[in-house]
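In the two complexes that follow, subunit A is the common piece, with subunit B as its partner first and subunit C second.
Let's turn to the complex of A and B:
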């Protein structure tokens, strides 16, 4: 059993990791070509200039809550912010993650105290559960949700959960749980180009196009 | 597959561009667009979630332009678009969307949903799934020059009537003037005073202008329905009239969609930029005000508020001008909370008012506007769009709020013109 778990760990750290990174990178390039090769017709109407109305302005402005909207969608806005920031903190500032990055890219950066990252992981997972409950109970979210929405939810929460269990030596032997954690992260990576997870990149051109379409008319969107 | 469905799908493929692909790829199904849409907010029915209105177009994009979608289609995991499905979606695309673009302002990933609904309508119309009311408006515009069947004779009769009423001359087909003034049928039929108001204001401000017997209608049902070639023909009439009369500019009437059609869509429809400018009447009034050429006397003391026409403000960029002009003549202007680019639609834009089967939805979607009026505590509503005006007047009646008066901004300005100074 021990040798099996070591083999598993070696695989996810070696060939599994390499395969996931390659699929992610090739997939992302492929998807972006799919999107941008569709092109765009030039707008022949005379543009109206107004300060604050441009593609770039909208890329940044959409990080804010539009007037009156926080009240109408508190779970989506606050939950969305908390889990994205929380996920980012755990991913980028957990010291073992930084050490792993140092092994791959050759450099590291300062981490955050582990108990703090641990707390952030718990908050992030609780937030994701709240968002799942909201997806299942809110009439709009329930209606528009597809299998992919639930799959992506699971793929997002699994690296957090397995990482938490591995760190606290819970449920399964540490090595097995660590291997599952790495596998979960790799599955997330592989899914990124081919699911709505791709929004982590495409939201920038999407916002830019929105801001440009509105900005052409002199509207700061 | 029927021939019309095949043609419709071909149009869907044609309208899919890089912005739409970025939008579809980015949607995370957060549901916030529904919270910005009055058709959802006022009915509580999740099928009116804006992004859901695009579902067939999104599936086609996946099937045609993404690797995973193509594989799914080959394996039979993704069903092809059918006539029955588009028939079901007709209500979502035409009845429950006024192209107001409020959802496009709030989407966290930046989807311009109104842009996509507008594009989707092009395929829907070709596939034969546009509502009958809108189809009739469009064919009437092509045949008679106006969506409501208003003929040149009707316009001439209103000219004579308004000349008598105001004592001002209303020029027809006069070349080498500053502006060609267009009308909307809604104005010719319901609010001909607009024409008299323009005559009085332009006289005082020293603006030379004319109407054209070859292009008097500004609205463009071809755009609302999504038939580009008819939309192009309707725009071309105005362009021909403007070029023939050698005017400096064309003045869009108090109609949001007419302005959008002429100012923003027109050059793209005819495939070249104009050699004249297009201004909305309120934009021009504000320019005259800033130049000191619009002199008013006295202000209305009636408490009033302003309804922002979506296509003029959020989708048109004429944002501050209506309020600057209104403040000239209104002493007790009470603004509402969701205003300017975040206004709520009257419920009847984007062709919804010409679509009989959408009547119940249009009236339901007025509730948001009613609440704004109640909150402002006023019984006078000023706007700058004849379509908004008619839609709101009808809705006010349905909501038993007949005491609320709806006014056009241009007429309000004309009522307060300082005519004595002109005489002096």
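Let's turn to the complex of A and C:
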């Protein structure tokens, strides 16, 4: 049948999505069990200070800019904030996304007006491009960048770009672009447990651990 | 009567020149032709000799013929249909049995290479006996009749893409006309049913220009299937503003908000409903409060439910999720055990270093 694009769309909405969710869940459970089961050597030293809430403290304190760093690394700090928040808004408050979530988890939540989400998507993509340029031009960033950094950048920007093109009916027929958009999101989902994208979960225990450790040693974290 | 032109016939049937010109102008604008083309279409159509048309009906419901012939008032579309020399059509012809088949054979012989073949309904391939006409299987009749056709017009989604007979699990092995006819130009005019003016538009284009209209990747005339319902939908502003009906009887539905959440397939459906509308421009499904089913698209009957939003996934995830969590736990536990062993082995392999060891010079 001459329906390649509808077959493609049906695949990404059906078996493709199921496969991506399965890989994501297998990977996340596996990796988290692996990380937490590694354990730490028992620290027999006496805490320098009463550690208390130092771990929890750090989880939240790290959301703030360390003194002076905003000036030294404005792209990393501001860009990081803008694209994370923007990505979150587009992901969680675009009505078709909420409908999709409702289909999967059985409940939804209020969305935001489409033109606003559209604007946020553009800002997010521009920010990501600025961050890539900064990564490529800043000698230090460039030196410490690996293939994985560029891969996760691409995996992050692709769902935004394809979604934007699909919504505006640009470049390809909407159906094909929508299918590509869903596929891009699935690739992101699949890559999440196996790349540094896993930080969306591990950043919290990692911060807590750092805070707790430094609290134990009596130094600021 | 065979020598009469289309213009003569329309006049004879009481269609005023004004009505006819209105039709031609509307058609020209629908086909996105320059405004002057309406008159050119009118001139060409008026002069056109009655083209011989053979209409074959296979696995179909006659809805396509109904769409064309059962308008509330006689329309120019219907009259054009009547005016063409419809030499063979199950539903509309008076003859039956052997006489009917003889009419088809005569038409084929007389206009071999020139007649227009219109097909509605899909063709069963699993067993030729599933659908026969006068003892001739649909596959054989299509092959035989297509041989002398100047072009084939597949009317309706069944003829264009397989349609409802081809829905999962497709018990009859139903296929589209284009799957079987490879050596003749095939135009797909999908829809369940297609809009009457779109059907006659293709015929009018053929009569006016002597050629078939430009087709899209799915073999549909771009002039009618060039834009999505969504892009031309009068409820589009509500989609853009994020205002959606949540059910068919809530406030949003009463206020005419977007039906995306209720499963409207407008964004992926290419058809002219939102512009030409139905029943002499009265309304179309979305205007009457129901989402678009996407009936002019391939496999519209199997695309994940009429009432599921377009972005909703189509495969149930409960079972795969359970399996994935279990598999992840097993994999994680296995790797954890492996890591623990490695740690233990490393610890066991530690050698105690003494001061004496450090002072040794190697």
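Simple rule for what comes next: the second predicted complex is superposed on the first by the 210 of 221 C-alpha atoms of A that agree within 3 Å, B and C clash if a C-alpha of one lies under 4 Å from a C-alpha of the other, contacts with A are read in each partner's own complex, and residues count from 1 in each chain.
We take it that a contact is a pair of C-beta atoms (placed from the backbone, for glycine too) under 8 Å apart; a residue touches a chain by one contact, two chains touch by 3 or more.
Not measured: the values here are computed from a predicted model.
Peer 1: Subunit A superposed: clash or fit between subunit B and subunit C?
Peer 2: After superposition on subunit A, which the two structures share, subunit B sits beside subunit C with no clash.
Peer 1: With both structures superposed, pick whichever of subunit B and subunit C touches the larger number of subunit A residues.
Peer 2: Of subunit B and subunit C, B contacts more residues of subunit A.
Peer 1: Just checking: does A:48 make contact with subunit B only, subunit C only, both, or neither of them? Give me first, second, both or neither.
Peer 2: first
Peer 1: Quick check for you: in the superposed arrangement, does A:26 touch first (subunit B), second (subunit C), both or neither?
Peer 2: Second partner only, subunit C.
Peer 1: Between subunit B (first) and subunit C (second), which, if any, makes contact with A:111: first, second, both or neither?
Peer 2: The second partner, subunit C, only.
Peer 1: Could you say whether A:97 touches subunit B, subunit C, both of them, or neither, answering first, second, both or neither?
Peer 2: second
Peer 1: Could you give the angle made at the Cα centre of subunit A by the lines to the Cα centres of subunit B and subunit C, to the nearest 10°?
Peer 2: 170
Peer 1: Answer with first, second, both or neither: which of subunit B and subunit C does A:67 touch in the superposed model?
Peer 2: Only subunit B; A:67 stays clear of subunit C.
Peer 1: According to the stated criteria, A:6 is in contact with first (subunit B), second (subunit C), both, or neither; which is it?
Peer 2: Only subunit C is touched by A:6; subunit B is not.
Peer 1: Using the superposition on chain A described above, determine whether A:34 touches subunit B (first), subunit C (second), both, or neither.
Peer 2: both
Peer 1: Give one of first, second, both or neither to describe whether A:218 is in contact with subunit B, with subunit C, with both, or with none.
Peer 2: A:218 contacts subunit B only, not subunit C.
Peer 1: When the two complexes are placed on top of each other via chain A, what is the minimal CA separation of subunit B and subunit C in Å?
Peer 2: Distance of closest C-alpha approach: 6 Å.
Peer 1: Subunit A residues touched by both subunit B and subunit C?
Peer 2: Looking at subunit A, the two contact sets intersect at 30-31, 34, 37-38.
Peer 1: So in the complex, the part of subunit C that touches subunit A is made up of which residues?
Peer 2: My answer: residues 161-162, 175-176, 178-179, 217-219, 228, 230-231, 239-242, 244, 260-261, 267-268, 297-299, 302-304, 308-315, 317, 320-321, 323-325, 327-329, 331-333, 335-336, 339-340.
Peer 1: Across the complex, what residues on subunit A touch subunit C?
Peer 2: Those residues of subunit A that touch subunit C are 1-3, 6-7, 9-10, 13-15, 17-18, 21-34, 37-38, 95-97, 99-100, 102-104, 111-115, 169, 174-175, 178, 182.
Peer 1: Per the contact definition, I'd like the list of subunit B residues that touch subunit A in the complex.
Peer 2: That would be residues 16-23, 25-32, 34-36, 40, 44, 46-47, 49, 51-52, 65-68, 104-112, 115, 263-268, 271-274, 277, 314-317, 319, 337-338, 341-342 of subunit B.
Peer 1: Touching subunit B in the complex: which residues of subunit A?
Peer 2: 30-31, 34-41, 43-46, 48, 50, 53, 58-59, 62, 66-69, 72-73, 76-77, 80, 135, 138-146, 149, 194, 196, 198-199, 202-203, 205-211, 213-214, 216-221
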